[in-house]
Amino acid sequence: MNNRKMRMGMIGGGKDAFIGAVHRIAANIDGQVEFCCGALSVNPEVGRQSGKDLFLDDDRIYANYQEMIEKESQLPADKRMDFVTIVTPNFAHFAPAMMALDHGFNVVIEKPITLSLEEAKQLQEKVKETGLVLCLTHTYSGYPMVKQAKAMVKEGKLGAIRKIMVEYPQGWLSTLTEREGNAGAAWRTDPTKSGKSGCMGDIGTHAAQLAEYISGLKISKLCADLNIVVPGRGLDDDGNVLLKFDNGANGVLIASQIAAGEENALKIKVYGEKGGLEWHQMEPNTLIVKWLNEPAQIYRAGQAYLSDAAKHNTRVPGGHPEGYLEAFANIYRNFVLTIGAISQGQEPTAAMLDFPKVEDGVRGMAFIDNVVASSASDQKWFDFKI
Amino acid sequence: MNNRKMRMGMIGGGKDAFIGAVHRIAANIDGQVEFCCGALSVNPEVGRQSGKDLFLDDDRIYANYQEMIEKESQLPADKRMDFVTIVTPNFAHFAPAMMALDHGFNVVIEKPITLSLEEAKQLQEKVKETGLVLCLTHTYSGYPMVKQAKAMVKEGKLGAIRKIMVEYPQGWLSTLTEREGNAGAAWRTDPTKSGKSGCMGDIGTHAAQLAEYISGLKISKLCADLNIVVPGRGLDDDGNVLLKFDNGANGVLIASQIAAGEENALKIKVYGEKGGLEWHQMEPNTLIVKWLNEPAQIYRAGQAYLSDAAKHNTRVPGGHPEGYLEAFANIYRNFVLTIGAISQGQEPTAAMLDFPKVEDGVRGMAFIDNVVASSASDQKWFDFKI
Amino acid sequence: MNNRKMRMGMIGGGKDAFIGAVHRIAANIDGQVEFCCGALSVNPEVGRQSGKDLFLDDDRIYANYQEMIEKESQLPADKRMDFVTIVTPNFAHFAPAMMALDHGFNVVIEKPITLSLEEAKQLQEKVKETGLVLCLTHTYSGYPMVKQAKAMVKEGKLGAIRKIMVEYPQGWLSTLTEREGNAGAAWRTDPTKSGKSGCMGDIGTHAAQLAEYISGLKISKLCADLNIVVPGRGLDDDGNVLLKFDNGANGVLIASQIAAGEENALKIKVYGEKGGLEWHQMEPNTLIVKWLNEPAQIYRAGQAYLSDAAKHNTRVPGGHPEGYLEAFANIYRNFVLTIGAISQGQEPTAAMLDFPKVEDGVRGMAFIDNVVASSASDQKWFDFKI
Amino acid sequence: MNNRKMRMGMIGGGKDAFIGAVHRIAANIDGQVEFCCGALSVNPEVGRQSGKDLFLDDDRIYANYQEMIEKESQLPADKRMDFVTIVTPNFAHFAPAMMALDHGFNVVIEKPITLSLEEAKQLQEKVKETGLVLCLTHTYSGYPMVKQAKAMVKEGKLGAIRKIMVEYPQGWLSTLTEREGNAGAAWRTDPTKSGKSGCMGDIGTHAAQLAEYISGLKISKLCADLNIVVPGRGLDDDGNVLLKFDNGANGVLIASQIAAGEENALKIKVYGEKGGLEWHQMEPNTLIVKWLNEPAQIYRAGQAYLSDAAKHNTRVPGGHPEGYLEAFANIYRNFVLTIGAISQGQEPTAAMLDFPKVEDGVRGMAFIDNVVASSASDQKWFDFKI
């Protein structure tokens, strides 16, 4: 544990912003973070009121991110923020992230990392150049049973991986929600704010990251079919992708926001020579492990038989379900432990470093680029290029 | 109900043949069929002993199918078999089916219908020409909750269908079982006995038939990736297919026999404008119906609120699970009711006629042809051709 | 397997009688039984028409059970029925069973065996005296995963059994269905036809038999609370019973027919020193096995790792669900194998003899007597007396 | 929301104390509480180090609770703690709670509230006398789908309640864990620290509170069977209780800590005239609602169709699972909103006041007393007395 709380500033995430609240909860859970300042809205009045509601000191509620980064960087080291969390829509990630890094602040960014692959690569360069830490909140890789799955694959329990099926169906864009006052739907379906892809960028990237994270493999080829199912929409709201991984395994990735009646039903199945794994995000404390010629097993979060990685990312004993917010908090905790260790001149451990980084962001943007190009082409297989 | 039992002869299905026993159970369940004769094995001695074990009269245990069809056709009308069930491996379906039809017998064939599309088309011609009835045992469309799903789609409960996800993972070919004395594995992975495709022919066709059956749509384009995952195998043991249906809906079909630890995990999800359906073969008495902005519902077999089609294909009240054998028996029952009605000069009802026919067989063979061709090609989308 | 089909006669079970149809299906499934005669209804005309619909020969459709037993006993040995199945309401079990045994016929009786414990004991005497076989269709002990559970307990996999929780909630008597034309509800709630108890007699006995069957223990004490929940009903429609078993284990048995919205949700959990078992009748192909400090396991019907008893009672491979009718058929198959073996002068094996017998019937009637007496008393614990 | 963070002091909950960490997380989640001081261990050195690890100011790490309450009460109003959380073992709840109330501090107590009913009543008197707020952390009533269940019962959706089945099986005391260095097991099985009952006090009270909370009914009679299953243990580790509620409904409550292989499997089923509810703590985001003659429904946390109470106690949209810590945080949030409202001279709303209070504690202690007395008696039914 760190020797002091790490101080967090936030850009975006004012009143009624769902994901900002999630970041604050995730940062709060373990009592290792102090929320100290914010530029919480493009509307300064909303930003000010949001800051007050969140008990920020008046002089650390800023009108915009530029002001925040400038002023915080002038504060004494024992007062200024340690890192900044960026929870604006996609198009407004890049500029504040670059500025924060330039001013010496570590960064947490909501995914997808940027609007384009090019921006993501610049950010990667900047991170390298500054030596600072950038954390990308691919939440789903924060679940303890996802850690367990990764650990079991890595230990060779399943043998070589042969096939991965990952699906992420949602139903909330089954109608033109974006024209019915749903702000989240509005920017996600607007190419100028969301980027080249809608559904694949928003949730397909989570599925791809999860598949690569658990398997330790990299997508090497793909064949995509993106669809605009609801007439009048500006970006894909659905897509299916055939995959090949770098070890020759095959896969299928399905993402949809028009799967009527689905909530957030991310599921993954990974099959190897000796067995298979199955995990569902909506019942995240269970990992089903299947074997050739033996009964399948129900691995459960919080149990003593789990891997160190699973245990490190769990707070309560078995049978006390943890969920999305705890998975999110795991991303934060590991990030905060990492920057805390660095701040004390220590080397972060592998367990601390287990959170998505700028490289994941670059890969996510490349996934979007490749999927969009593949979908538009008559050629069957596309090499995954970064 | 019929005014007498229908008499069944069987070709193949002797000692230790799994699927022959299944056909006999399915035919027996409702007490509407009398098993009267058989040519149960290519090995006449095995055939004879099998017939005795199954209580056939000695003079109706035949040495081969030719003898059986010849001799039965010479028996008086009130004694000879009404239909013949063919449960030999794929390559030995066509000849006995043609001969049976030529001699005036109705036919039940285990799927896939033949070894090639060409044979299937000839059989279709022969059925048309003779006016006899051919039943193909795509068992999964016999489940009551599949009937319910079909009825709900047809009534427009889900609105226009937009997306179909169907997966059929098995794990039993994760090793080279075919070289370890598993006879079923041996012929299924042998191109001379199984045809152009292994996994897609064996189980992918079930998945395709189920998707078309429930949705009432037809696959119009596909993009396939077939794989031989276990080195040394002669036919695909795994495959993924992107689909387009004739109304513009998209889909994904996954079939695998190397999904280690899976049993027979056929699952389908169908999404429309207003809601979605989910059905799992391994828990077949439940149909989950999902709605936009309303709680999902758990439809259960045997309940009074179900469609007529679901009720017609159920034997016991809710909470008394029916399974695979009853689904199989539904195929038989409807077929037997159909030929019984015809034999009494009556018109079979739509409920009676609800079993897979030669057209399904032709479509299944075409599916195999199209999938194999698509998989071998660099072109992305293939028009589904028959 | 037997050297000929066993011939079944049936008493009761005419048109629209649910359980008669179930018995015929169960007897038919394996092709080992020939349904040869019947006295299918107290209304001779209904009985005659039912017999014709079921393809019985005219001269073996009898006006009443007396006639049937008399006339069948005069037929030559190679023609007359081997056993009689009694599927009348509870009050009409005893007389035909006694008469059948007296005339040398084996008997299958739907449970509960008789109207009173006294009758059951007389029947037990008669069975002993005649050396014939009586089978009681406690269906739930016919499921393969129940056999597996029993085998695992017996092998000591769980250590000594400490606690059993069994519940059997149904909802179909939540209203006064018996006054709305539901014949099954009418006799079940009528003390003159059903006996001392409604719900406990009808389904509580199943739960008690299942608990004793799996655990190999006997209920030694109980403390019961029977309730008439729906005003105006004549017999208990709900009840809860605290149990002690003969090894000191404790238990709870809950049975209800007013659990609104429940179908037939029999569930049992058995806990020993080392682990626990959980089985649900509505998803009967799965047995969850729980361990101290190890992941729980999912045992599945049809798998090679199961006990001989489970395999002997399964027809299809893993992943092809079997259900209630197959469980019922297992009772029949084992009974038929037993009487077949005896008829050939052979000793039935333990696997053949694994079906409920007259002793189970006596125990069931004693359970009803004890529960009813306990419920009426202010004394807490009742010794289980037979 | 409040106009400032509420300040929390903690008694107990030092290093390695599970429940103290849970309280801190629950208090932290919403950013509405500042953890300001603590007397974290009976061992002052452990207490001091724990306080430092948790970033408390040195001068607010106290040697014992007396010192803490004294000194805090002397701090200015804008600095001193607003409430104290007591997370010591049962026997050490009463004295600090009384002292805290006497010094004007609101109190949060881990359940069971005290060691005896008598103490609980005194505490109730003290709360009444001081007008302060006491919150008892019966966590399970904090889950949103439990709120939904309560709301649906209250609205009469199920009609009058007829039957309640609640079970709470755990397996962690299947061996003599208390002699193997498990501190939590040690005090829970020690009558001097835990009180009259082990299992029933520890988890049976949760089950009873949940049943009464959802149903709005009160237990009026009971018949209990408490067991010491593992030889050598000092208190019950298992128990079964028959219940009657004040409207005439019946029920069963099962609690066990020797249900080998179970984690924390609290489940409740509530049946009314028109339908039933089923909720499982280990999958808490789902509430199954069953209906007579209609398909059951799957109510899911985070959905727009839920009751206000469910929504008020949810942080993230449907499909993002919340768990035990969020349920716990709901108790805290409502308590903190209540004391915040009072501190601003406002009336707390009903939604704010929805957390367990001293009355629940008194009822819980009475439940223990009644269950223990009933179990020891030969009399069947005990009137529930407070």
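Read from first to last, the chains carry the letters A, B, C and D; within each, the first residue is number 1.
Criterion: contacts are C-beta pairs under 8 Å (C-beta built on N, C-alpha and C of every residue); 3 or more make two chains touch, one makes a residue touch a chain.
As the structure is a prediction and not an experimental result, all values here were calculated from the model.
Participant: Chains in contact with chain B and with chain C: which ones?
Facilitator: A, D
Participant: Looking at C-alpha means, what's the farthest chain from chain A?
Facilitator: Of all the other chains, the one whose centre lies farthest from chain A is C.
Participant: Using mean C-alpha positions as chain centres, tell me how far chain A is from chain D in Å, no decimals.
Facilitator: 34
Participant: Express in whole angstrom the distance between the two chain centres, defined as the mean CA positions of chain C and chain D.
Facilitator: Here the centre of chain D sits 44 Å away from the centre of chain C.
Participant: Using mean CA coordinates as chain centres, what's the gap between chain B and chain D in Å?
Facilitator: The separation of the two C-alpha centroids amounts to 55 Å.
Participant: Which residues belonging to chain C are in contact with no fewer than two other chains?
Facilitator: 262, 289, 296, 300, 303
Participant: For chain C, which residues count as touching chain A in their complex?
Facilitator: Within the complex, chain C contacts chain A at residues 288-289, 293-300, 303-305.
Participant: Under the stated contact criterion, what part of chain D meets chain A in this complex?
Facilitator: Residues in contact with chain A: 1, 4-5, 18, 21-22, 24-25, 28-31, 35, 53-55, 170, 262-265, 281-285, 300, 302-303, 315-326.
Participant: For chain A, which residues are in contact with chain B within the complex?
Facilitator: 158, 162-163, 165, 167, 169, 171, 174-175, 223, 225, 227, 229, 238, 240, 242, 250-252, 254, 256, 258-262, 269, 271-276, 289-292, 296, 377-381
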